[in-house]
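Heads up, there are several structures right after this.
After this come two complexes, each holding chain A, first together with chain B and then together with chain C.
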Partner chain A sequence: MFARSIRNTLAAASKQRYICQSCLHRARKSPLALTRLSTQPRTRSLHTESEPPQPPRNATSFRKLLKDAAKQQKKKEKGAVSPRHNPRLEHWELTVGIEVHAELNTARKLFSAAATSVSEAPNTHVALFDVAFPGTQPRFNKDTLLPALRAAIAFQCEIQHKSSFDRKHYFYQDQPAGYQITQYYEPFATNGKITLYPHDFPPGAAPQPEPFDIGIKQIQMEQDTAKTVQQPPSTYLLDFNRVSHPLIEIITLPHIHDPTVAAVVVRKIQNILKSVNACTTGMELGGLRADVNVSVRQRQGHSESSHSYHGVTGLGQRTEIKNLASFKAVEDAIIAERDRQIDLLESGGIVEGETRGWTLGSKTTKRLRGKEGEIDYRYMPDPDIAPVIIGESLVKHLRDTLPKLPDVHIDTLVQTYGLTAKDAITLISLDDGARLEYYLATLHALKRDATQNEEEVPLNVLGKITSNWVLMELGSLFTDEAWDSTRISTRFLKDVVSHVRRKQITSPSGKRLLAMSFDGDKRSVAEIVEQESLLLKPLSHEEYVKLAQNLLDEKPDMVRDITEKGQVKKTMWFVGQMVARSPEGTVEPGKAKEVLKEVLGLGDQEL
Partner chain B sequence: MSLIKHAKTYLLNQSNYKHLNAFNSLVEPSVLLARSGISESDRAEEIGSNDVYDKPIAIKDNICTKDLKTTASSGILKDFVSPYDATVVKLLQDDGAVVVGKTNMDEFGMGSHSTHSHFGPVKLQRYEGEEVSAGGSSGGSALAVATSQCWAALGTDTGGSVRLPAAYTGIVGFKPSYGLLSRWGVIAYANSLDTVGILGKNVKDVEAIFDKLNVYDPQDPTSLPRSTRARLLDPHPKRPDSLRIGIPLDYNIDTLHPTVRKSWIRRLRELWNRGHTLHPVRLPTTQQALSAYYVLAPAEASSNLAKYDGVRFGSRAEGIDGAPGRVLFAKTRGQGFGPEVQRRILLGAFSLSAQAIDNYFIQAQKIRRLVQHDFNGVFARPNPLFDHDGTTSSKKRKGVDILVCPTAPSLPPSLSEVETQDPIHSYMNDVFTVPASLAGLPAISVPSGESHDLPSGTSCNSVGIQIIGQYGDDKLVLDAAKNL
Partner chain C sequence: MRHFTASPLHAYPHGRENGGIHPDELEELFAEPTWSVESLLPPSTHAPDAPQVTSQQLHHLLRLSALPPPETLEQEQKMLDTLAAQLHFVGKIQEVDTTDVKPLRAIRDETAAAEETQTITIDSIKGALQKEKVIGHHYKRIQRDTAPVDAKNVEDWDVLGSAERKSGKYFVVESERPQE
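Presenting the complex of A and B:
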C-alpha cells in the first residue's frame, strides 16, 4: 500500500533536494551563515567535550595536502623507519570496524512534522513529540526513506522488504523520551559493501594496487539527539532542533586492518552519501560522526584471540572509541588505541572491553566507561510504529535514477577527459560537487564551440586544458574566498580558454582576464581583448631570436651555467623575462622556450 | 427536563460526594451554569439528533486537556497543564459536550482499585461509613458517573481499567476494539494495550459517545485507517435474532465468588429463555494471559515512563539532583513516582534486560499470540485483521457470536483489605478482563441487574457481566449489552 501511494510522487521526489525552505531563505540572505556556523561546537558527545570542527578546505590546500602526502611518502620510502614497516606490526594485526552516523537530507524530522534545520535559532523547530510531551505519538515520515534508500543502494545493500523500529533506552538529558528510536532487530538494509580503489588513497598510500571491498553489515535509520551547548563552568543548554533529525547508521564489518584505510573508508562513505544526495553536511559541520571498534591480535598463535564480532571470528578483545568528528581523528585515534593495546598486551596485561574517547591533538585515548558501566539498552519494538514495508518497484526506481557515484565520475574524468587521477579526485571532492559541475559545464561549452568552428580537438585534450584552468587558475583566485560558481561565468571561462587555445591571446593575458572578471569587470572576453588590445600580435621568428639574443647577452654567467654546467632549467628564467619585457600579448611562453632552446643549442632536451 | 435542572443536580452531587475523591480537578460551576443559560429554542436547533450536546462529561486525568491540569494522578505531573487537547476530548467538545472535570485514578493507570493516587484513594461508599474499592484504574470516572456527578465519563482500559470499576460501581463500561478510538493525547501506560473506554449509566449513552469518537485520527499511528474500518463493516454477515453465546469454561475458576457465579448463571439462563443458544467454549491460555499481561504492560510502561524527568515539563525534586557526571533526574523520578509505578518500572526494566528478555518479554509476546488464537478459534466471525479476502468466512464455522462471562471474579474489597493485599493478589483481579485486552477485542461490562445484600442490611449491585466480541464487532457487543 505504501509503495503504491508513494509511486505517484516518485519521479519528482527522487530528484528533489530536501532543504528546509526557511533555512534556504536565510542562507540566501546571508552567504556567511554557513561559514560562521563552523565555529560552533556541533559534536554529539556523551562525554560532553566538544571538538572544534575542521575548517573547510579549499582547492589549493587540498592539492597541497595531496602533494605533501606524496612528498612524505617519498621521504618515508627513502627513510629507514616507516610506520608501515613498524616492526611491532609484524607481530600484531590491527582490526577495525566502523559505525558512521550521518544526518539524512530530509525536509522533516523522522517522526514529527517539524522541519529539520541546521543553523536556526535554538528550539524553533520542535514538535511536541520531539520533546516527548505526554500523550504525543510518533508519525513516521515516509519521505525520509528516500535518501536512506539511495544510500543503501549506493552501498550495494540488500534492501529488506520489511523493517521495523525499536526503542533503545538510556537516560541522558539530550534524549527527551529516555530512549532513541532506532532499528535494532530489523534494519532496512543489510549485507552491503564499499569498494576502495587506489585513487581513494593519498598517492602511494594505497595498501594494494587492486581495488578491494570493506563489508557493510547493515544500515539502519534512527533519530538524532538534542544538541548540548556547554557553557562553562557548569551550565548545559539544550537545543532540541536536532532531536529526531533522521540519521542513518552505517556499520562496517571488522574488515579494516590499517588506520589510513579506516580514514579513507569514512571519507569515501561521506563522498558517496553526498553524491547520491543522501546527506548534505559532512564531518566538518557535524553532519557525520564515526565510532570505531579497535582490537589487535597476534599474527601467529590465536590462543587469546577468541572474540567474534558481526560473524568475524578469532579477533582480540575490542574497545570502542566514540564520537570521532574528523578523518584525521579517526586515523589518529585508531593508531593511538592500537599502540595502547599492543603496549598493554606486550607487558602482560589484558585489554578490557570498554568505551573510550579521543580528543583531537591528544596522543592517547581516554577511558570513558568500562564493561561494568556498559548500558543495557533494553531494546524493545516500538508499539506505536508499524513495520516499514518497502516495495520492490520503489527500490528499482531509485536504483534506476541514482545519481552517478564518484567512482563512476573518476573513471570518466580519467579515461575520457584526460585528467590525472589526482586532479579527478580533487575536482570531485571540492565544494560539494559544485566545482565538478562548473568544470563539466565549461568543458561542454568548449566542445560545442569547437564543433561549431569545425575544429577537431580530442576530448581528452580539451578536458585536460579545462581542468588546469578550473583547478589551478580559478583555485588561486579563490584561495581566500569560498567558491562561487557565478563569480566568473562558465561562458567567460570558456571564451578565455578558447582564445588561449587558438593562440588569439597569450596565457598570461588569459589569467589577467580571469582576474578582471573575478574583481567584477562586467565586459565580455571579446570586449576586454579588444579594448585592452590583448590580441596576440605575433612576433616573427627573427624578432623572437633577436629578443632572446639580447637577453642572453646581458647574462653571460647564466648562459654558461646552462650550456656548460647543464643547468638547463635556468632557461625558464629567460622565458619569463622575454614575456615580461615585451608588450602584453606579443610573446607566447611556449614559442619563447623553443626559440631559446634553439639559440642556446639545447636541441630536444627537457627543461 | 431542562438542562439547568440537570446542571444543578450534577453540581450538588459534586459537592455532596466530594469526600469520595472522584475528581482531581473540576471546572468552575459557572461554566456549567453558563451553558445551561442558553435558551431552549436555540438548543433545540443545535441538538437535533446530537446526543452529547450540552452533556457534562468527566475525563480521566490521563487524557490531556488544555483547560484543566492533566496529572495522571502522579506526583511528577501534579501541576502539569497540557498545551493541547486529546483528540477524544476535542471531538466531544466539538459536538457540544461540556468537560466537567478530571477524574482520579491509579497513577498512570497502574492499579485495580484507584488507590495508588498522588491525590489519595477513590472511595466507593454504598452506605454510611463504608469504604470499598471503586475498582481501577478508572475508578474516579466510574464513581463520578455512578454518583451522578456527571452524565458520562471517559476512562482508559489497558487490562480492564474501565470494565472493572464499572462492575464495582454498578454502571456500564465499554472498551472498544483497539485502534478505533484515538489515543492522541492519552498518556501512555502500555501503548499496545491502552484503549480509551466509555463509562455511562446505560448502554445507549455509552453508544452515543462511542459513535462520536469512532473516527480515524491521522495523529494516532495506531488508529485504524478508513479502509480497514470499512472492512470491519463491509461483508457483515446478517445476524440472526438468535445469537450463539459462548460460555468460557476456563473462566469458571475455583476462586470465583459465589454471588458472582450465581449472577452469571442467572444471566445465561435468561438469555437462553429469550431464544439465544448457549455453547461451552475453551480458552486454554486464560491463566497464562494474566502472567503475560503483567510482563508486557510493565515492560512498555518502563519505556513510556522514561520521559518523566522534570526537565521539559512536570515537577522536579527540590534541590540539586544528580551526582556529577550522572543523569540529572534520579532524585526527581524517585520522588515523583509512587510505589506501584516504581514497582512496575522495575519489573519492566528487568523483563526487557539482556539476560531476561528471552524468558519474559519474548515468551509473553508468544502467549499474547496464543490468546488471540484462542479467541479466533471460538468466534464464528473470522478476525478481520487476519482474513483479508474473507474467503474463510464463506465456509460456515460453528463458532459463537459473543462470549458472556463475569467482569471480575470477586466483589469490591474494602479499602483496608486492599491496603494489606500483596500486589500479586490484586493483579489476580484482572484475570477476566486481561485476555480481551491482549487480543484487542471489544468488551463491555454491564450491571448484572440483580441486587445482593450488604452487611448494612441494604443491597447493591456490584457484579458486572462482561460481553466480549470478535475484533471489530463493537456494534454487536453494544447491541447484545442492550438486550441483557
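Presenting the complex of A and C:
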C-alpha cells in the first residue's frame, strides 16, 4: 500500500507540472535569518538542491495512515501512558495557531506578466519588476484573485471589498526589492473558519464526537521568493523564476490545543485548497508549508499568562516553528515544543519569544534566532499598488460555481452509498479525484442495470460492493502502475460486479476477468465468461460438504487446532483450498466458508 | 499645519481688509520670518526631549537597513546625534492631530466613479475563467489549462546582463554572516 501510493503520487506528479522538494521555500524568509543564523550556518541549506531528494512522506496513503493510527491506538490502550492521560497535561494547556503558505495555481506572477513556472531553465521567466529593476512598477495580476477568492470562499471568509498591499522590509538575496509585498494592514479575506468532523481524524483520535470549528483570522496574498541553491560554504546561486509567484497565507486563530488537531487542520486545508483548484501540489511536493505558533499556560489561570495573539488573551509566551513540510512534522514539532516549554517553566525558567526549527525525526526543536518584533519589518503601505477592489458579483459567481467541498462528498458516500468514512476519504484522495469519478460512473451504471432488470438493490449495498472492487481489486492491479481510468472501462467493471452480485460467476472469476482486461484482453465480460466457461455451475450442498470433508480428512492436525485450540481462523485456509481445488467457477468462497463452519461445528463464530 | 503656526496673513489684518497684500507691504512681510521648519528641529547641540537611542539600537537599525556600521566612536556618536535630531522631528510630526483623517497612501483618483472603474468583476478575469474547464461527469472538478502562456513581451531580455557574477544561468552571490 505504501509503495503503491508513493509510485502513484510520483507518477501523477510527473504528469503535472513538477514542483521539486527543494523549490519549496517560503516567501516569509526572515531577513534576520541571515545575520542571526551564525550558530546555525546550514539551516537554509535544507531547502537547496545540494540536499538529496527526500521521500514524499505524505504520499503514504491515507488508509495506511489510518491503519497505523489504529494500531498505535490499540498499543496505547494496552498499557503505555497515552498522551491523553499525560498527567502534566492536566496542569498545562497547549495553544497553537498555524500559518499555512500555499502556492496559487495561476498562469502568471503576482505583479508582472511573467509566467509562473517550475523546473524550467533558471532565470527564464523573469520580468524587469521581478528583479526590482530601477524604475519598474508592479502591476497587480487580477487573475490571481481567481484561486485566492475560491480559497477564501471555501474557508467561509468575509471577502473584503477593498484590500491593499504593504511592503515588509528585510534584506536577503532571494528577495531583490529589499521588501516582500504582502497584505499586512488590509488582507483581502478575514474571519473564516474550518470545520473539523470526526472523519477528519484517525480512529479514536477525534477530541470530541461533534464537529467543531477552528477560526481563520485572515487570508492574505503575497509574493514568493527566489529559489536559492547553496554551494557551501557561502556561495549562493539564485534563480528568479519563482520570485513573485503568487502565494496565499492562511492564518488560523490560536484555537488549537492538541497536536493531532493541528496536523489534521493542515491536512484539511490542503485538501480543501486542492478541491477548489486553488493550488495543485500538496506538502509532499512543496506546494504548501506550515509555520506553527506554540505556547503553554497553566490551566488554573496564572498571572504570567498575559500574552494576547490575534485577540485571544491570557496566553503564555509563544515561540514560532517555521517551515514544517509534512503533517507528521507539524504534529511532532508541536509535541516537542510543548514539552520543552513545560520543562522550562516547571524548572523555573521562562520561555523566550523566538523562532525555532524542527527537523523530522529529531526529539526537540532548535533555536534559530530571537523573534524579531513585527516593528523590525517596518511595514508600510505600498504606494505603487492601487487598492484591490473586488466586485460583489464576482464573489457571488465564484461562490455559486464553487466545486463541492470534500466534506459534502464524504457525506454522500457515507450516508447514501454506505461507505465507511475511511473508504470515502480514500476514494476522494486517490488520483486527484479520478478514482472517485470512476467509482461514481461504475456505480451509476450498476444502478441503471439493476433498474432495467427490475431488481431492488438498495443503493448503500450497491455502493459498498462497488467500493470494494474499485478500492481493493483495482487497487491491487494498479500496485505498480499509475492509475488509468481507461485501462479497465467502467462498463467492464460494472459487468463484472453485476455477474458476481447475481452469482453468475464466482468472485475469484470476477477478479480473473479484471486481470484479463487489465492485461489488454479486449473481449467483453459476456464473451470471456462464455468462451472461458466461467459461468457458475453451482455445486449442491452435498457436494460442498463432501469436498469439505475430504479436505479436512487430509489435515487432521489443523482440524484439531481449529476445534480444540480454538484457532478458528485456520478455517480460511480450507476455504482457499476448496476454491483452488475445484474447477473454476464452481465454488463460492462465502458458501464454502459456511459449509466448513457447519462441518467443523463452529456455529456462528466469526472467523 | 494649523498646529504649528497661524498663517502669516493673520499678522497683517490690513492686507486682508484690502482684499490682498499691498506690494509695499511685501518687503516688510519677508523681512522677518514668522515660522521656520527649524522649529521642527532640535537645537544643534543636543536634543533634550528626544528618546535616548542606545548604541545597540543604532546597530540594530543599521543592520535592518543593510547599512554599514560606524567605523569609529566619533562616527557612531555623529550617527546617534543625527538620529536624535530626526526623532525630534518625528515627534513634532506626531503632535499633529490626525483624528478621523484617512491616511494618504498615494495620490490617485479616489472618487466613487474611479473606484467603480477599478472594481474587479467577472469581466476583468474573463480570460482566466475561459482557461478553465470542468472535468468529471459525476465528480465535477475545475481544472486550469496549464499549457505555457506566452510571456515573451516581458521575459525576452537579458536577465543576467547586469549581473556582476554569474554561473551558467544563475546569479551568484556570496553571503557572509555578520556577527550578531
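In this section, the second predicted complex is superposed on the first by the 505 of 607 C-alpha atoms of A that agree within 3 Å, B and C clash if a C-alpha of one lies under 4 Å from a C-alpha of the other, contacts with A are read in each partner's own complex, and residues count from 1 in each chain.
We adopt the following convention: contacts are C-beta pairs under 8 Å (C-beta built on N, C-alpha and C of every residue); 3 or more make two chains touch, one makes a residue touch a chain.
No experiment lies behind these values; they were computed from the predicted model shown.
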Could you tell me if A:125 is touching chain B, chain C, both of them or neither one (first, second, both, neither)? second
Taking the superposition as given, does A:237 touch the first partner, chain B, the second, chain C, both, or neither? second
Applying the touch criterion given at the start, work out whether A:376 contacts chain B, chain C, both or neither, answering first, second, both or neither. both
Figure out whether A:390 sits in contact with chain B (first) or chain C (second), or with both, or with neither. second
Tell me which partner A:134 touches in the superposition: chain B (first), chain C (second), both or neither. first
In the superposed arrangement, does A:169 touch chain B (first), chain C (second), both or neither? both
In the superposed arrangement, which partner chain does A:540 touch: chain B (first), chain C (second), both, or neither? neither
Using the touch definition from the top, say if A:440 reaches chain B (first), chain C (second), both or neither. second
In the overlay, work out which of chain B or chain C sits against more residues of chain A. C
A:178 contacts which: chain B (first), chain C (second), both, neither? both
Output the chain A positions appearing in both contact lists, the one against chain B and the one against chain C. 128, 131, 169, 171, 173, 178, 238, 376, 378, 383-384, 386
In the complex, go through chain A and note every residue touching chain B. 128, 131-140, 167, 169, 171-173, 176-179, 238, 376, 378-380, 383-386
Contacts from chain A onto chain C in the complex sit at residues 16-17, 31-32, 34-38, 41, 105-108, 112-115, 117, 121-128, 131, 142-143, 145-146, 164, 169-171, 173, 178, 229, 234-240, 275-277, 376, 378, 381, 383-384, 386-391, 393-394, 397, 403-404, 409, 432-433, 436-437, 440-441, 444
Applying the document's contact rule, which stretches of chain C touch chain A when the two form their complex? 60, 63-64, 66, 103, 105-106, 108, 115, 118-122, 124-125, 127-129, 131-132, 136-144, 146, 148-149, 151, 153-155, 157, 159-160, 167-180
Chain A touches which residues of chain B in the complex? 63-64, 70, 72, 77, 80, 82-84, 86, 183-188, 190-192, 218-222, 299-300, 302-303, 305-307, 309, 311-313, 327-329, 349, 352-354, 357, 361
